[in-house]
Every structure is written in structure tokens, then in C-alpha cells.
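Dropping the structures in below, format is C-alpha cells.
Across the two complexes that follow, chain A remains constant while its partner is chain B and subsequently chain C.
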Partner chain A sequence: MADKILKKEDLAKLIASVTGKGGRFVAPTTAARQIVFKKVSKAEEIAPDYILARNSFKEFLFPQTEVIAEFTVCKDTVDMRGVEVEAPETVVFGARPCEAASLAGMRALFTWDFVDEFFTKRDDNTVVITVGCTKGDEACFCTSVNLSPESTEGADVYMRETEDGGYAVQALTDKGKKFVAAHAAVFSEGSAKARALFMPEKVPGVDLKKISERLKDKSHYDNPVWKKLAMKCIGCGACTFVCPTCRCFDITDEGTAFEGERRKNWDSCQYDSFTLHASGHNPREHQPQRWRNRFMCKFNFYPEKFNSKGCVGCGRCIRVCPVRLDITDVMQEFSK
Partner chain B sequence: MAIMNNIYLPQLVTIEEIRDEAPDVRSFKLVFKDPRLREGFDFKTGQFALYSAFGLGESTFCIASSPTKKGYIQCTFRRSGRVTGGLSQLSVGDTMGFRGPYGNSFPIEEWKGKNIVFVAGGIGLPPVRSVIWNVLDNKADYGNITIVYGAKTVADLVYKDELKAWDEMDGVTLVQTVDPGGETPDWKGKVGFVPTVLEEAAPAAANTVAVTCGPPIMIKFVLNALLKLGFDENSVYTTLENKMKCGVGKCGRCNVGDVYVCKEGPVYTAAEIKRMYNDF
Partner chain C sequence: MENTLRQKAKDLLASGEVKVVIGWGWNRTKTRTTPVFITDPAEVDQLVWNPLCVNNLSVYLTRKFKDIQALGKPAIVAKGCDIKNIVVLITEAQLKREDVHIIGVACEGVVYKQELWQGQLKPEIMPTKCHNCDVRNPHVADFVVGGKSTFTPPDEPAGMVFSKIKELDSKSSSERWAFWINEFSRCIKCYACRQVCSLCYCERCITEKNMPQWIETSAHPRGNLSWNLIRAMHLVGRCTFCGECERACPVNIPLNLVNQKMIMVVKDSFDFKSGYDEKVHPPMIVFSPDDKESFIK
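So, the complex of A and B:
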């Protein structure tokens, strides 16, 4: 049930209303001939007709690189300074229902006993507006992981494109309702006919319950599928960087021996150095082990440990893979 | 603006003493700069921490001293990578970072009245040493103590002074070994790999718990040897020292299958290890 209407011509006003209050407005835009989430200042910058952005919006909550501390080595001590997280009021507009569903898992992990405020403070200040998909491609498989273009998991506001180029608006969370109230002048009353949604076909034979059961049984460790996959995999890690639920990182110092900063940088479980001990021992020495870890993280760790989705079916990993590895093939294999 | 709670921000510690244990292996005695922590810092035996060399990053090691020794902590590390290389450059009086304590611990309270067998290899002794001193400092609470310790060569044995002290203690049996070829002409200990020497020493399993740490391959064989000697898999403990960056369950690399070593370890029983993936 839509509460409000956002007319086509009023999108510019919404952006102005958000940025006028000092907020940043993030939306899919075109850069280097690709659709990417970026900060925008004008409605014309928003990609008019896109399936989904190449990057997920996770980088606005969990940046690729961020300073977590600064230090200066002095004569008798070290001056260690914590930093304040930059968490501007942010509106993510035009997220897809699949990627928004990644937030539950990210939130569970970043607050697992120890609260990572670099994530939570940004999350607290971010309003996620999803727009139901009217277009898709062969890589989309949200319907195979219990999601759809109508899913509202993780969304503060859910919108549907309307036939006249505007949006039907539904505020879902308190944050979403406050957002719509705060920019009330931009939204209109009324109704408009929504455009038809694109429903991806289900991947034949995929059964999440079966996958979960199979992964609990350790005999899958020797499944030849891991080796088969890894024969092709070049370990580039691209799948993990574009994945909305991947959140592994490295902590590293940059600067000179006397002055520098400690940073949290995105990392990937697909790299051999990720788990390599200084002794030379590596628990996940071979690519099949690393592929297995990635799949288990999505279909075993996230659901079992954090009661959330590790895979949201956005298909980014399929689109970006340089050797055309397809995670749905593995899902099929483990649904047998 | 409210100051954020930064879980990645280390405490500062001063290096009060440096001891060379073996080639490339060094121990630091560390004292917190913050006077409140110097008095109040508390941890349990088996817990680990992240130690930083500023400009190079953080590395994970156990706290090698016992909680019974107050006012300072010790760590022992082998110079093998970027951070440990940087730490090796530091001198007495220098400052480094400390983040911890993290993880679970050895349930030594439950072991009261029991004999304890410690089995360690090479640089696996530091975490075990914390437990050894914790137990020895409350010796009346425990039965007989057996320590089986081996290294590649005689020179590679760490805590040489302490090995001597343990050897001379009443109620403590120390069995030392070096790998074949690692002995010297005046070596009085055994020659052989730790799991084999342990089986020969054959400590009684009745009313006894065992604690082991060493290279992953040694741990696997020692666990088997202990089970062969009749130890109950719930009375055998080990600590897994996987690579970690955050120490608090976020960064994603220390997991063995679905088990996050930093949050759900590093201390496990042999029974728990058996339920885990053979992936460490």
C-alpha cells in the first residue's frame, strides 16, 4: 500500500531537500559506461533505466578503506589518536530489494558482541530507499533465495515506479517514516498505476533447505565440485568486492615508521594471503578451499550463525566473474 | 560530538624487558602506560591479544605470562613476518600497541584435584607456559604435572631457564626432546618427534587432563596419541592460533569451517576439534 506519490519532476526537489540539509544523496548513476552507486546532486545524474548498480551500496556503510586511528612515534612514547567516524546523513536511493536484504547479516556481524561503530554509526544515519525492479537479466536470481522485487527486507522506504515516470512511496521503518515526514513537501497524496515488476525465473532445482542440510554434513568437504570450480577460478576476488554481504577486511598501517594511520581495508577470502600464517602454514592453501569457504559463508555461516541471508540473489558475482563462474551452479549441485 | 567507542584502538604498552629465547624468538615483558590498566588489567590463561608495531600493523599472539603474575604481561614471538620483524627492532623502553584480551580460556578451575599433562612443540610453548605457571602458582590445588616439550633443535627450545626450574620442581616431570638431527653432543634429553616421545612417556590418563599446543600438524598427531593413551576427548585441550586481524569476530579469516576461532576459541577440547572441519 503506497502512502504517498513522488512525482517524476519532484525527484529533483527530494535531492535538493536532502542535500540542502547537508545530507548526501547516493543513487545509481553512469560512470565509465557502467551503472554505479555514487553521490549525486542532480536528478539528471540518476541512471534512468538500470537493472542494478555494479557495486552494492555497502561501501557507503563500510568503505573500501577507512582510517581507524592515527599515530605519531615520539621520542619516549607513541601518540595514538582515535578518529571520529564520518557518518553523514545519507540517503541511498534506488537500491534493489535484493541488496537491501544484505543489511540484516551485516548488522548482525558488526554488532556480534563487539560493536563496530564505524559501521553502526553510518548505518544509523542512512535511509535506504529501495525501488522494485521493472527490469532484470539472466544473472538475477532473488526468487531462488526467497526474495523478490517486492521484498522490503532492509528497506526504510519502498518505492514502485509508476507508469507516469514517478514513484509510489511506502515508508516502512521509523527511520523511513521520519524521512518522508521530514521531506513532506516533496511528496504528494494520490495514486498512480505502478509499472509491472520483473520476476526472475527460479533457478531449476534449487532448494535452500537442502543446501543448508548438505553443508552441515562435513562430507561435502570432499565434494569434487570444489575442485571443478577452482580449476577455472583465478582467485581475483572480484565476486567478493561486488557482493553486498561480503564484509571481510584487513587492518593495516600506512605511513612512515614515525607517523601514519591504521586503516581498515576491504579484503577477500579468495586470496591465498588472506589466511596465510607467518610461519608459512596456510589453512586454506588451495583455491577449492577458498571457494568452499565463500559458499559456506553465504549458505551456512550467515543463516546458521546470524540468522540472516548470506546470498541475496543479486547476481553481481555472476556478472563480474572474468571466467564465468556461476554460484547458482553450486546451489544446484548442493540441492541434489 | 560524542566520542565513538573504537573497538580497534589499541592500548599503549612499554617494553620493560627483552629476552632472547632462541634464534629469532624473543620475549617482551610489557607494562601498560595507563596506570589504571597497570593495576587493573585482568585476563584468563589462554586468552590472546593483538600486538602492534606502529607503522607495520598488528599480529596475534597469546598472552604468554600467567594471570597470577601481576603488574605486567609477557609475549613471545618468532620473527617471521612484517609485524614481528618490526617488533624485533624495538628496544627496552619503546612503545608498542596492545589490544585484548580476547577469546576464551582454559577452564583450570574445573581441573582442581587432577593431574595435568602439558605437551608443546617449538613456539607452541608460550600459550601452554601461561597455563603451566598459573597451575604451578596454585600447585596445592592440582596433582602431578608432566611437561613434554620438544623443538627442532636444542637451540630452538624456548624458556630454557624455566625448563630447568620446572625440571627441578617437586611433583613436576619434564620430558624434553628435539627432532632427529637437532641434538648436540651434550644433549641429555630425548631425540624424536613430540607425539612419539609422548607415547613413550605414556603419562597415565586416569584423573588427568592434557593441554597441547604446537604447529598444526603436531597438534593433530598429539591429539591422536593422547586418545591412544586412553585420554578422554573431553579432557584434552588445545589452542588454535589462526591468523587474525580484528580479534573480535568481524574480519573473517580465522574461521575453521563455521567456527570463529577469535570469538569461539582459541581454546577447544579434542571433542570440539573432532566436530570441526579438518581445516586448520
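So, the complex of A and C:
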């Protein structure tokens, strides 16, 4: 049930209200001939019509590269200094229900055996506003992973586009309710007819239970099916970088021999150096093994370890793959 | 054409002349093509040929793909532009000519990106390379599928890439710098450009050499610039303008501009174009006593 209405013309006021208080407003924009989440200052910058952004909004919680410490090498010691986490008040507007569902897994990972404040502080200061999808494409498969354009997992505020170009607003979490209250002047009372949602067709034959069972039995590790499915994988990291649930990172030092900074950078399990040991041994030497890991991570590790979704069915990996390696083909194969 | 292609693939596999045919096939929903590796003569019907066959499959002939090499001698289905890369691989001793069976396909152009396809190949959805193609009839092949193309490329190269290069060339160096810094700022260091490139066959890329770390792996302006510049420099005199890197780039960096500009510089300086003759070595790896540069003498 919608609580409030955000009129079309009031979206600009909402942005002004958020940025006026020093916050950043992130929304899908058109940049370099595609839809990308970016910080915006005007309503006109927001893409009027989109399926979903090429990048996921994870980069506003977990940036692709960030400094986590600075160091100076002195005569007998190393002076290591922490840095303040930059965590501005952030509103992510226009995320899709699928990608918001990735937050549970992100939170589980970044608070698992160590609380990663670089993530948690940003997460605490971020309000996620999802908008139910009124269009989609053939790469969308949220309905095959138990989600839909109506799902509200991970969203603080859920909106539906209305026939008159505005939004029907539903505040879900405390954070979401506080947000709507804080910008109360922008929202209106009333109701409006919501536009019809786009429901992606289910991938034929996919059975998540069956996938989970089959993956638990590790005998599939050496199954030639991995080679058959993933031999074409060229080992780029495009799928993992656009994926809203992939969150692996690498720690690297940059600077001169005497001073510099320690950075946390996105990494990808699809790279051959990802699991390369100092000894020279590589437990995942072949690309199909790396692809197996990606699939295992999404449909076994995350569900088993954190009871959360590893794959939200947004289809980004399918869209960006230069060789059209389709994760739903693998889901089908493991549903047999 | 597809029947001829499939029959040839079947004959090659059945006779044992090759162990695998690398070609294009449909995805599950038959909306996009995807690379396929046929090892069983009974499966040749998977092979397709149409304007959606954009991938340059020659990448699968490189040593990056040990699993494919392990299958045995390959046959590869290749457009003229893809064959250029095979020629470079042979020139650079990555492959012996007799170790690959090239099934060339006569081509009337492909789409720039598969998602542009709406059932018909129109000039506006074709990449610049197709508008200027001089290898629509495969120039090096063991077998050619399809009738002869009568297309002749224009005398003056035309298309988006060339007009954009002209536009950039007319700008000041600081404007060009600003243009490229802005383009590279989107780089996410996924290395799809490198992975999809058949001429980026190093088993250990310089960006992975971390003792010391020559190229910063961070996707900040410095790291992005150094990565994109180093890759460009490593392709000078080698790149054939197949366009795979730009197609694969998830953030739409116009890499075709960089690569075509380098091709033009090499052509002007050394009168060399890569990918045509495997016996001619690229200028960057040969020493010639009559080189016009004098610094080395």
C-alpha cells in the first residue's frame, strides 16, 4: 500500500531537499550512451526511461578503489595511519528491486568475521529507493530467483511509477520512514493509478532447490559439464564488476618505496591471478574452474553461509558478457 | 551458406583432419550468437553464420586457452577481419599456418553490437571497419564459404571512427587530453579489452607484474590512464582494427579511435598495415638499416 505520492514535478524538489542538506543524490543517468548510476543535482539528469543501470549502485557503498590507510617507511619503523571513512548521506534513487536484494549478502559479508567500517558506515548513511520495473529485456530473470518487480528486499523506500508520471511511495524500513518524514514537504497525500509492472518470464526448467542440492554434492567439481558451459569464457572481469552481489577485493600498496597509500580495489574471481599462490600453485588454474567458483558463490556459498541471495537475477552479467555466457544456461543445466 | 559450412565442418571432423571446429552458434533463445566448439561431427548443425556473428574467434587460438589447445588441431570459422588477427598470430610465432584450418566466410558486414540487431543489416548499425572492409572475401583461408563479395571499399576511409579522429586531430593537445582523461575515467579495470583481444596473448600481462607493480591496478585517473596507454602502445603496428575491445568494453570507452589512430600513424611512418601477409614483420619488431629514424644509428 502506498503511503504517499511523489508528483512528477516534485522529484526536483526532493533532489534539492536532499542536496540542500549536504547529501548526495544518486540516480540512473545517461552517460556515454548508456544508463549509469551517478550523482545528480537536477531532475533533468535522471534518465527518463530505462530498464536498469549498467553498473550496480554498489560502488556508492563499496567504491571500486579507496584508500584505507597511509604509510611512511621510517628508519626503524613503518608509520601506518588510518584514514577517515568518507560516508556522506546518500540517497540511491531508481534502483531496481533485484539489485536492492543484493544488500543482505553484502551486509553479511562485510560484518561477518570483521566489521568493515568502510562499507557499514556508508551503508548506515544510505537510503535505497527502488522503483518497480515497468519494462525489462530478455536478460532479466529475477522471477527465476524468487524475486520480482514487486520485491522489497533491501529497499528502504519502494516506489511505483504512476500513470501521470509521478510515483506512489511506500516507506518500508525505519530509515525509509525517517527519510520520508525528513522531506515531508516534498511528498503529497492521495493516490494515483500505478503503471503495470514488467514481469520477466521464468527461465524454463530452473529449480533453485535442485541447483542447491546438486551443488552441495561436491562431486560435480570435476564434471565435464563445466568445461562444456564455460570453455568460451575469456576470463575478463566484466560480469563480476557489474554484478550487484560480487564484492571481492584486493589490497594493494601504491606510492614510492618510502611513502604511499594502501588501497582496497575490486577484484574478480575470473582472473587467473585471483587464486594464484605465492608457491606458484593455482587451485583454479583453468577458466571453467573459475566460472564454477562464480556459480558456486552465487548458488551455494552465499545461500549456505549467509542464508542470502548470491544472485538476484538482474541479468547484468548476461548483457555485458563479450561471449554471451549466460548464467541462466548454467542454472538450467544444474536444475536437471 | 550454413549448409556448406556445416558440411565442411562435418568432413573435417569425421576425417580426423581437425579435432575441434571453433565457430558461432545460437544462444538458447536464438537471439544472439555465441562461440561454440564442435568436436563431434553429429553436432555441426549448431554452427551458424549471419550478421550477428561479431566475435573475433581467433582469440581462442592463443595460448590463453589451454583447454581448447588440448583438444587438438582446430578449424576456425573466420571473417576476413578475423583472419587478419590469425595472420598476426602467425607472424608473431604464436601459431603455425599448418596448425590451423581456416574456414573463411565471405561477409557483407556484421552489426556493431548484437543488441542493435532488429532483423536487418543496415549501414547505420555496422561498425566503421565494415564500411571500409577490403577483406570481405577472405584473403587467407583453406576453404571459403559463400559467394564472392563485390564490395569495394571507398578510396577515402569513411565512417564514424574516421570522422571522430579528424575532429580530435583538429583540437589542441590540451583539449585532446581532456577528452581522453574523461573517457578513461569510466574505466573499471575489468580487462575485457585485453581478454577479448587475440593479440593480447601474454600469459602474464604487465599489469599483473607486481614486484614491483609497474601499472597501478587501481581504477583511479592515474591507473586508468597508465593501463589504457600501455595497452595502446603494446598494440602499435599489430592491431588490425577488429574492434573487439571496444565492443567488449562495458563502459563504452571508444577504443576504436585509439587503435585506428595508431594504425594511421604506422601506415604514414612505415607504410605498413598488419594482418595481410604473415611473412612481413611489423615495424616495431624489425631493425631496418634504411629506417628513417636516425637515433638508433
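In this section, the second predicted complex is superposed on the first by the 335 of 336 C-alpha atoms of A that agree within 3 Å, B and C clash if a C-alpha of one lies under 4 Å from a C-alpha of the other, contacts with A are read in each partner's own complex, and residues count from 1 in each chain.
Rule of thumb we're sticking to: a contact is a pair of C-beta atoms (placed from the backbone, for glycine too) under 8 Å apart; a residue touches a chain by one contact, two chains touch by 3 or more.
Nothing here was measured: the structure is a model prediction, and the numbers come from that model.
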Of the two partners chain B and chain C, more of chain A gets touched by chain B
**Asked** Touching A:R324, do we find chain B (first), chain C (second), both, or neither?
**Response** second
Taking the superposition as given, does A:T65 touch the first partner, chain B, the second, chain C, both, or neither?
second
| said: Per the contact definition in the header, classify A:D250: touching chain B only (first), chain C only (second), both, or neither. | reply: both
(Q) Output check: A:C269 vs chain B and chain C. Expected answer is one of first, second, both, neither. What do you get? (A) first
### Task
Applying the touch criterion given at the start, work out whether A:F258 contacts chain B, chain C, both or neither, answering first, second, both or neither.
first
Chain B and chain C footprints on chain A meet at residues 250, 252
Note: in the complex, chain A contacts chain B through residues 68-69, 71, 73, 76-78, 80, 82-85, 109-110, 112-118, 121, 218, 221, 247-253, 255-258, 260, 262, 264, 267, 269, 274-279, 281, 283-284, 289, 293, 296-297, 300-301, 304-305
Note: in the complex, chain B contacts chain A through residues 1, 3-10, 12, 33, 52, 54-59, 78, 80-81, 84, 93, 95-97, 215-216, 242-243, 245-246, 248-253, 255-258, 263, 277-280
Chain A partner, complex, touching residues on chain C are 27-29, 31-37, 55, 59-60, 64-68, 114-115, 183, 186, 188-192, 194-196, 208, 210, 213, 216-220, 223, 244, 247-248, 250-253
Chain C partner, complex, touching residues on chain A are 31-34, 36, 54-55, 64-65, 138, 227, 231-232, 234-238, 240-242, 250, 252, 254, 263, 265-266, 268, 271, 273, 286-288, 319-320, 322-326, 328-329, 332
